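Letters A, B, C and D name the chains as they come in the text, with residue numbers starting at 1 for each one.
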């Protein structure tokens, strides 16, 4: 491969060094999507009952909370922050939905309050991170315990299981004529909103810039604190919504709902190609990452392989994905260094040819 | 100092010394990624001598130092210590070989005490192998006494002034008891008394037969302390001369490499109305009572020593930093405090001093970087399409003659000069009426430098008001219609183009009595 | 298990395919359920079906849902489940039923409309009375007692606790129930809860722990504490876990049914449902291998029998 | 005088006072919280296991890393302990201790190697290994469990027994704590851990062996967790596949509450130890003071947040003071 010549930019300078298909195909996202397709095809061929529409229904239904929360989580990680408290917010929202419903509040009101409470949790996180200036890892480890603690404290280990039937049915309903649960409609809307936000708006550009260089972003007129604050609130609100859905899906409001889900979400987001160092990643990769873990779990359970193997595979995939990213970055560095060395040689050749001071 | 035509021809090859040098670098090269920092550096340090290394910003001095320290590994060239070829894989190895280095930027552990910072990694131990804290403390105190400074050895280094941090760096190097002591701009943040103390210590070390190297941008210091001087330019060795056989003029010529006047194609511009008014701007501990005006078509130079607080003023005006009191007005209307967005929208632009950290998102493409500050303007109905960013980027990259193979090349892989052009393009794309440039030509090659100068001149002619911060006196004198001088956070002088002589400006920038 | 004849009922439907039965306990790694699954496996082998056991590692209803769904997807013929929550599992179970799976609950029931049959280890009244009688006898029918339960919304435990309260009020006026704490069927938590109980109630005379995990953890704590022999402990436990503490005098007597029989019966009930021999109506009756014939009672419930009391004299005869 | 002053102003002292306050409050509400044989024993015994894990976690956090896999390591080694006693009848407990520590160290080494060599953030790596180790544990344990009767009596005695009025477990934990504190305070390599966490780039510039030290920190964390796993078996007697679940957050919480900064470079293992005691003592004290123990986790969360906010406020104040001092000097 010969590097194209470096020239003064003019109308002939290409906008991109590589053609579109290469830019799309040789990416982490494409690799994850390919892996997902391979897993699906393999499972269809070898796992009994995997092809039934029920599989798709259950898969989408159960992974919906992860899919939903992965959207704002992607944005948060792109700005080089993290939110470990999402599953606790989900739990708290679930408990609030239950407690309010039990106290006789109309369900839509209960749900709304729960979502607002999620957003308020996000405000707490955002405040501590952006105004007080604490690292989000430490903050959200604290609020992970705090929000979960409030949820468990409110309800103990009892559960509230009585919800209006029309709502629980709605949560489990399918889009008529398809095996796709209706929760995929709000998810699709949110996914589009988040994808547009991240990839096609000035706000999205700001997120990547913050993730790669906070300082340069600040110097470019990006309000780093405000942007991050917004993201934490979004993350809280979406987690609150996921909590309402979770409650309806399992007709069950408990303090310990979705315990540990934050790690599944983060694992899926990182697997989908988002860099933990911020500034890199795309939403289609993340969605593929969530579905990949979900599909693997579903196929393995159907094949009678027990849950622990799914854990092991998730862990291995996660580590492989970050280590491979590190190796790729190292290789890229080597390639760039080669360019530098070549430049060095030409520079020295030129330098010895014309000594300016003679 | 006076910029004058050359007096004597300059030797182009390293001199062959009678006594064999203690440390010698020959034709060393180093590239960072795609950026070539050092093309061919050569240097010979002798026992019992203090050797000056000078060169413009970005000439590669610090890179050379870091290669000696073992922090970077050279790509090619020779490196001998006491006649033996060496290859340091880490700074631990160079330390073990008796080389102490004071880096340009202080590098301390903020959470650890002053004493621990000095001895980290080689603390004195008791017989049982435990750290001998008492011995360590006593030794630190002894070094501080020798340097004549008073710093609480038990406090953490977090929050120390740059000067105190620099003194700890010096103490660290002295405590090593090394054969070779390299100092990269150790005096940049020190006061006159502190500098004298440091020099006294340096001379005594020299008299003990050690080899010292001293990097500084201040010629008076070079002439006061050193016995030999090596000049570098654009990553390459230029000349080595005994200090007694050279003059400031000769050194400047060697550093710049061509007639100084060629560099500054100052065009006559029509000076218009006041655009920017800064009044009584203060920020505790950084700058105080800064007042100046900027007119359309005018280039105002802001001179001063490193650390005078010029960048901080620029950042406060632009809104990157907050300030405590004072006001900034643009075309008569107040500019809100600490709001970069508003400043940009109103037509202020800042090309920051550190382009790699502040100016650019290195891992992003030329396109993304050029469009970053105008991303909202490029969007339609809130949506931003890549094609519009590409068009804007192509326009500015071609106007500024950026050299790259494609517009989606990551800027981190461009050369320093091209990176600087991208930063300029990014801010010119906002169509500013006030442009603040902070060290616009730091670390870029001579050709690109004059391109930048020509561009700034043209922009002024088109009616832009330009505030140019620069540590290079010739650049300030050559380009500015008016020169402001800062020292220790205050404006200590203002000169018209006619009044501004190197002597005037240097006096305002350094004089102790002027306070 | 025994060699109960398969008879002709296996081939009644399904056209020769072996009946598949999946056991879904509250959680894995619980010796009580290990034993019930052992019985279930023996029964399924006896009638020539395919046995499988799946389950979450932590006892929570939401994690059980996934396993119910998988069973439905696999088209399992019979699902035998001990429910972590009476209503949270209902929807999933309904879906499984509409996919053709027969649902048998055992040990801990769901709402009756969500399953076909419930295999009751003993009547709730019988269990409650047995434990109250044991503790009354051990503490001389007077003093403070406390209950260490599983999770706060475990159906069966809660029902028992209610009945125990009624029984105490009615027949043991001098015994006061001062506290009910929850160990969540987690060994470590139950252990720590015991410690907390003893400390918060210095006058405590006895503890009832109607869960095998709880009673074993409590016994372990008591056996090394100053309260050993001073605070009585009884409840529901397995002989293997409790043997040591009965022998060292920490515990005098405790109760349980035979979980192996429970699993065995549940498996046969599932088989009878799948084969179409019964529908779960009151009055239906079916053959359960070695255990003989059982009849379906009210609310689709099948009763295994009365709880059995273990003490130093008889504990040596059991191994589960 | 100097020592007294630094002792009084130390971050650890504050948290110690909080601990004493909790104990006093609980004892006033119910004297047997301290003044009974079981009360005083449990006061010391319950936090001892967490203390070990928290000390290891503190060492890792001091280097500006984090180890999320400790809970899984505890689970694995606890089960290993049981298996060894079952499969190798008559095995001396000391061998089991060594095996547990060794397995833990090995698992820690895997973490450390991935973090130090692949230069991937510890959060991601240990999140991955947390899943993997737990998965291996469940796969190995299945629905099996170790029962108290599987373990030799004298081994279990370690979990509850006393020596000179102090539980063995506490003695072991304190011994480890003292060694760790001594090491971090007086050994060069110990101080280097602080330097690395304080500023990794500067550590590189100093030529400190960053890779080795990070590797070592993870190894220590793994080994201590392994050790805690063995003691878990001794204390609780029953080991199922979920042993140690959630301990990672408790250990991090203990360290953070005790003043170990997540940003590295600051804090002591003493602080982490007091943090561990505070966490679990609050846990036991809440019901006695009359607060439902369901609120325990919320209290933990509030404590963590309070601790990091406090640290931040103190740092900002110190910074302001220093700048003001400098201003005066001018």
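Keep this in mind: contacts are C-beta pairs under 8 Å (C-beta built on N, C-alpha and C of every residue); 3 or more make two chains touch, one makes a residue touch a chain.
The model shown is predicted, which means the values in this text are computed figures rather than measured ones.
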item	value
Partner chains shared by chain A and chain D (touch criterion as defined above)	B, C
Taking each chain's C-alpha mean as its centre, the one farthest from chain D	B
Inter-centroid spacing, chain B versus chain A (mean Cα positions, whole Å)	41
Distance between the centres, which are taken as Cα means, of chain D and chain B, whole angstrom	45
Centre-to-centre distance between chain D and chain C (centres being mean Cα positions), rounded to whole Å	37
Multi-chain contact residues (two or more partners), chain D	138, 241
Where chain C touches two or more other chains, by residue	57
Which pairs of chains touch, using the document's own definition	A-B, A-C, A-D, B-D, C-D
Chain A partner contacts - residues on chain B that touch it in the complex	10, 12, 29, 31-36, 39-40, 75-76, 235-236, 238, 254, 257-258, 320, 340-341, 343-344, 350, 352, 357-364, 366-368, 371-373, 375-376, 378-379, 382-385, 390, 394, 397-398, 401-409, 412-413, 415, 426, 446
Partner chain C, residues of chain D touching it in the complex	30, 32-33, 36-39, 42, 46, 138, 141-145, 147-149, 160-161, 236-238, 240-243, 245, 283-284, 287-288, 293
In the complex with chain D, residue positions of chain C that touch it	28-31, 33-34, 53, 55, 57-58, 186-188, 191-192, 195-196, 198-200, 202, 216-217, 220, 224-227, 240-241, 243-244
Contact footprint of chain B on chain A as seen in their complex	3-11, 13-17, 196, 200-202, 204-206, 208-209, 212-213, 215-223, 279-280, 333, 336-337, 339-341, 343-344, 347-348, 351, 355-358
Chain A-touching residues of chain D, taken from the complex the two chains share	66, 114, 118-121, 123-125, 127-132, 134-139, 241, 249, 252-253, 256, 262-263, 292, 294-302, 304-305, 308-309, 312
